[in-house]
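Residue numbering begins at 1 within each chain, and the chains themselves are lettered A, B, C, D, E, F, G and H in the order written.
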Amino acid sequence: MGPASMIVLIIAAIAFSVIAILASKILVKASHNKQKGEPYECGIPTQGRTWIQFNVGYYLFALIFLIFDVELIFLYPWAVSVKAVGWVAMVEIIIFFFILFIGLLYAHKKGALKWS
Amino acid sequence: MMEPGLYHILFLSTALFFTGVYGFFSRRNLITILMSIELMLNSVCLNFIAFNKYVWPGKLDGVFMTLFIIAIAAAEAALAIAIIINLYRSHQTIDVSSGEEMKY
Amino acid sequence: MFLKDYISEVYGAVKSLLTGMRRTGYYFTHHKEIITEQYPDNRATLVLPERFRGEVVMPHTESNEHRCTGCTACELACPNGTIKIITKFDINADGKKKKAIDTFIYHLELCTMCNLCIQACPTDAIKMAQSFEHSVFDRSKLTKVLNKPGSKLEEGVE
Amino acid sequence: MWSLSNITGSIDQWLNENFSSAWALAIEMVLVGIAMITLFAVLGLILVLMERKVSAYMQIRLGPNRVGPKGMFQTVADTLKLLLKEGLTPNGADKLMFNAAPFVAMVAAMLLMAPIAFAKGVQIWDVNIGVLYVTAISSLSVIGILMAGWSSNNKYSLLGAMRSGAQIVSYELSAGLALLPIVVLTGDLSVSEIIASQSNGWWIFKGHIPVVISFVIFIIAVTAETNRAPFDLAEAESELTAGFHTEYSGMKFALFFLAEYVNVFIVCAIAATLFLGGWMPLHIGNWEGFNHIMDFIPSSIWFMAKTFFLIFLIMWFRWTFPRLRVDQLLNLEWKYLLPISMVNLLVVTAMAILKWHF
Amino acid sequence: MTAGQEKISFPGQVHEAPGGGILTTALDDVINWARSNSLWPLVFGTSCCAIEMMSTAAPKYDWSRFGFEVARATPRQADVIIIAGTIVNKMAPVLKRLYDQMPDPKYVVAMGACATSGGPFFYNTYSVVKGADHVIPVDVYIAGCPPRPEALLHALLTLQEKIRAGGKRERINIDGNKF
Amino acid sequence: MSGSTIIFYLLALITLGSAMLAVSSRQIFRSAIFLLFSLIGIAGLYFWLQYEFIAAVQIVVYAGGITVLIIFSIFLTAKSGESLPKQKPARLIFSALSVFCGAALVMLQIAGHSFPVFSGDAILPTVGNIGKQMLSTEQGGYALPFEVISMLLLAAMIGCIVIAMRSKPLLK
Amino acid sequence: MTREELKTALLTKFPDLVEEEGGEWLNLFSTPDSWKQTVHFLRTDSTLLFDYLFCLTCVDWKTHLTMVYHFTSTTFRHILVMKVKLDRNAPVIETVCDIWKTAEFHEREVFELFGVHFNNHPDLRKLILPDDWVGFPLRKDYEDAVNMIKL
Amino acid sequence: MVEEIGTTETGDLIINVGPQHPATHGVLHLIITMNGETIKKVEPHLGYIHRSIEKMCESLTYRQFIYVTSRMDYLSSHINNHGCALLVEKAMQIEVPARAQYIRVLMDELTRVASHVLWWGALAMDVGALTPFFHAFREREMINDIMEETCGARLTMNYMVPGGVMFDIHPNFQQRVKQFITDFRSKIDEYDELVTYNTIFKARTVGVGVLSKEDAISFGCSGPVARASGVSCDIRKLYPYEVYSQVNFKEPILTEGDTYARYLVRMYEMKESISIIEQLIDNIPEGEFQAKTKAVLKPPKGEYYSRVETARGDFGVYVVSEGATTPYRIKFRSPGFSNLSTLDQISRGQKIGDLVAIMGSLDLVIPDIDR
């Protein structure tokens, strides 16, 4: 059954979750106290706010990832038809990879791919 | 309600595009502006696909356009974010209004 | 040469990881290595070493006699006041007043099984038992009186 | 011969006889939905129990054996308990995101079910971009984690989410690159085609060393993508107490847990499909007799056996290896997996064009 | 007699099974079965007793047989705190906070002399809480210093009995030899 | 009205709705997530149009890549907890108005314009066809752009690295 | 160096040191004033090189407090015990944690348990006791009616 | 310059680890200032298990206070008790019978092995490998059984008394110890297979948390932590007590000073302890296991100090006696206290994942530190 199945699956997932959560909501009697809602931090009141501007040491990886991700999507059509097309495709992809490899090496040389 | 076709999609994409424009105008935060731009690009892609399906199914140019747009959009996003973060490091803010005085 | 190092590095890493997996795989397949003792089931057959210190008890003879003279040596020896001895004076056969224990209170919840009281006792009136299942809902249940009601001092114990 | 496909086929037939096609379709949809939900629940139960048993045996323990016969119902009890546990939301949290996150995780996991061929001809949707579809959807799961981690307003959660964000996106690459060789060899993306192409032997046998390499890389990559040890930095017990779901309790936590395990199942199913020939029985060259015997084993059994073998492999990793540090994790991806798989892909391409594989 | 009276006379705190009226229904039995059979402990060991708690988790006395092995590091997902070790005045608020942050239903086991009564540190110490039940309600106490792993298992089984009883004292039936 | 119609309108709703939320929400993290949903909605539309490949690409690049990147950059550059400063209502109204006019204009255009109806045999946008045309070097093939893209990516990557790793921030 | 050699060496260098008889090792009393250069000499002098401070504590003689330092040398392996009498009401002494890093924690401990104040200590905060704690528990006259149950 | 990547002026995150945290082996509380994943500052907060033992001991007699010390460093309780017993004997000039000395040393070494085995498992668990932890307990249980058979308790056996040991060894003792030795020899190789040579483990530990020799001395480190940094500080060698002067064993000294070195030192110590046990187990002399002592011990006025080498290092007991039945002032010099104080220094600039490994390699026992 075609794309409709996606709808079915989504509905199924959501229904499942909703039922489960509702059930527990109905069944459980919860006690309340004022510490309950506070963030857990090893039993110590947390210091400073969590949603501060926070430095993700590895965002550079995400940047490079994005580039390679795009490259990946171009590889799929290539991979499907490479057998049909033959050596031309091979050559093209070698060029393609070669160029990207330069990028990877460059990143490596500049130390973008390592921490400290 | 009639079967949705080219026109519906075009309307939708237009709406999407102008939502992006609205964000572009009304936001001052570079990242949100970037998001708006992404929205616009997407609406364009949608158009391409729609035309390709309903007007020129004989060719795949629409598809390729979309592909390349997406690729360029990704590259552009990556660069933009790199720049944004660099700006932030130098100015401690990414608000356009305060970013205006910096001349490259 | 770069490529060679690269490959040998990868090879060494994979090898070391495989050694580890072989070890765990061995245990996964050899169930005879399992050493689990299933406690509540083996309760009947469970033998604890006779020296194991589970709690302090005061053995009584069948004629309900114990050997405690109430000298309170154990109470003094106990590092954390687990033992409280309330002594009384009772008149023995030839009309002499004589010190004897009234109640021998033993706070199991305080006891640290350090064995000092046993060592201190001159008459071996108390000893360590192997029982360990002391779980209760109410901690007051853990305070015990060791001398049985109506028990007397055994003959010939000084 | 009994087989899952026959059952589904007959149901389909029966429906189409007794109802108008539209109704038949509707009912089928409902059936599929229910089937999927049950599959989810059952998978969750079985996999968790399996994990606990496997770990127990590797750790020379017995593992759950009290609740029900041989501890069968241990996970049932756990699930019920979680159902009966208060699911609280921290005050500081972003309520909307906090409650939406488990749904995202679940939906992503559920959507991945679509292209999986459980048995001969038993497949919800043979989407023509099958493999790519899986890659795409599985990249959605990171969003659920990021939402959860951010909205919990808890530092451990935030760190965990950040880590798994970087981790999942990085390893998507080598996962994608590692399954491309199969696509090259098959010349098609759809799952059914890929399986069909292995009727005369699984790719891992036909494809020589390069395919084996890509298989290994794929397993490593998916282990990382599903946040399993040794890549479980997102919920590194000893560092960030429970990672991104530190603040989740009760059923919401259970949903994350379930999604995680189902993801494991799915990636293993995909690996089994690509490299081990899905539901294809094991055929060896031209031993007719042997192959016939193999054919008598229902295809669903084959599929499940292969999948669970891979799952066991991943569990084996988990209970053997220490955890990597976050920078080492990324180094592994960028310095080793990615270049290797790129080169590997070229080799496979050459092989495919030269028709070296049988 | 009503459940209310029973609960008052019942030591420690027991969570009344939801919907549980005066009579324990079949539903309650199922609920209590589930709860009693999946007690996930919080990772909480302060001193020596913690080692014996680990030994209980270890292969020889393997508490995973009862499904206790899923030790959670965060109270949000834990069901039972095993107070393994001494609680000092500085730790008391932490313990209270952890307990408060656990979602219901939650249970507490006081392991060892220290958690039960201060044990070796009852006299002449200026910083030890004389029994964890001054801080949070305790369901089951174990004596011993440290209690041997079997003793801890026994305590957990006792707790299971208590949960199965669903707060009905007359339904509890504990003796060392019968399980 | 058939199922597919319903689905279309559903998807359109999701896309537009979350897009609007994305540009209007003052919680920057939330608007990122809403943006993501709107992008996924578009991917859904592609599915609906049976351009599965494009849909998948859309999800991979946007959901998998760009959104994650955006979220990271949010953590890096913004106090993700507090909401963005309110804008002057004047600016909001102005932009809303202009946008509305623009949208109306374009829509009228579209409504007025009538597109040629295609006649002839269609090429299915299967991955195979796409691939073939992408790799074909003769007339109408996209081999050259394909390589150019790789150059573009290279340039982008080097650019990213250069900018991001510039050890001292620009113009201090 | 043997005990005798140490004694002669130190007493000649610092006449104001007073030896205390008995004890396993050489016990020398110093004064808060000359304390700093004494220990500095101990650490730096090439024949002494007391580079290892393995015990730092304080004793409360109800009349005064006595700081007790156990030094040893990882090169010569000789051991020396230095003591300083402090006024019980205002006990103040120079810190040594710039010479022996381990002293930082030990001094913080002594600070909160005995109330000895160490000059120039990087951060002299409570280490073990709760921050709102009052009193110096290890002093002999410390009483805590609430927590301490006397046996 | 890589530090600049994504570094922003206000990127710091202050995070509590502990008191209740799987990595802190008890109730240590660390306040960590991080920048992204990189640690800028670690601030230990103690006292969550401060049981005022020193105050308490001032009101316990010289017989009684020994048992409390087994609650301090509960992983080497025997050795703690041993130190206290030594002190009382030194004060009272009690001559310990040879048999008692042999038994004591045997018990010490068994305790050391048990402690190191547990540490091995715990460290492996900290770096994320869960199985070794359980395998470690298998060996630990063997030792516990031996202990229980002789001493009557598994963990806090109050076995050492002034003038000897509380009971004579159990008849099975020697044979079971030999059995254990043979088993353990084979198990140690498994440890290597599982952890020591594992690349991931090496990557996690080599070069992490380096402690220089100068710092090790200046911080007063002792035990394996100091030895891994090249400081020779084994009390058993420097100031031999009991029969240590008669057995021959090596003191492993490495110079790297990183986490892996600390790991190797302990692994090596286990082997050494086993060899010590082997040398002693067969020739335990006959005779008394406990010297005759007065019922009430009153050490003469003076100050006494005794040092022993616990599994964690140099454990010292400093007693000021006024000639009464109870010590006037008692101070326990615990190795962990000094070792902990290095934590901040050696974990700066590392990742948070490393911190866990470092703490595991320091092998802290918090009650020992807080006392």
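The rule we apply is simple: contacts are C-beta pairs under 8 Å (C-beta built on N, C-alpha and C of every residue); 3 or more make two chains touch, one makes a residue touch a chain.
These numbers were taken from a predicted model, which means no experiment stands behind them.
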Contacts common to subunit C and subunit G (chain labels): E, H
Pair of chains joined by more contacts [C-beta pairs], E-H or A-D: A-D
Whole-Å gap separating subunit C and subunit H, where each centre is the average of the chain's CA atoms: 25
Mean-CA-position distance for subunit F and subunit E (Å): 54
Centroid spacing, where centroids are CA-atom means, of subunit D and subunit G in whole angstrom: 64
CA centroid of subunit A to CA centroid of subunit B, Å: 21
Contacts with two or more other chains, residues of subunit H listed in rising order: 1, 5-8, 11, 13, 15, 19-22, 37, 47, 50, 52, 55, 59-60, 67-68, 131, 133-134, 138, 141, 156, 194-195, 198, 200, 351
Numbers and ranges of subunit B residues touching at least 2 other chains: 67, 70-71, 74-75, 77-78, 81-82, 85, 88-89
Multi-partner residues of subunit F (at least 2 other chains): 53, 56-57, 60-61, 64-66, 68-69, 72-73, 75-78, 80-81, 127-128, 130, 134, 149, 153, 156-157, 160, 164-165
Residue ranges of subunit C in contact with subunit H within the complex: 12-13, 16-17, 19-20, 22-24, 35, 48-49, 51-53, 77, 79, 112-116, 119, 128
Residue numbers on subunit F that touch subunit D, as the complex places them: 27, 29-30, 33, 36, 40, 52-53, 55-57, 59-60, 63-65, 67-68, 71-72, 75, 80-81, 126-128
Sites on subunit E touched by subunit G in the complex: 89-90, 122-128, 130
Subunit C to subunit D touching residues, read off their complex: 10, 17, 20-21, 23-25, 27-28, 31, 33-36, 38
Complex interface listing, subunit E residues touching subunit D: 18, 30-31, 33-35, 37-38, 40, 59, 62, 64-67, 69-70, 72-74, 76-77, 79, 103-105
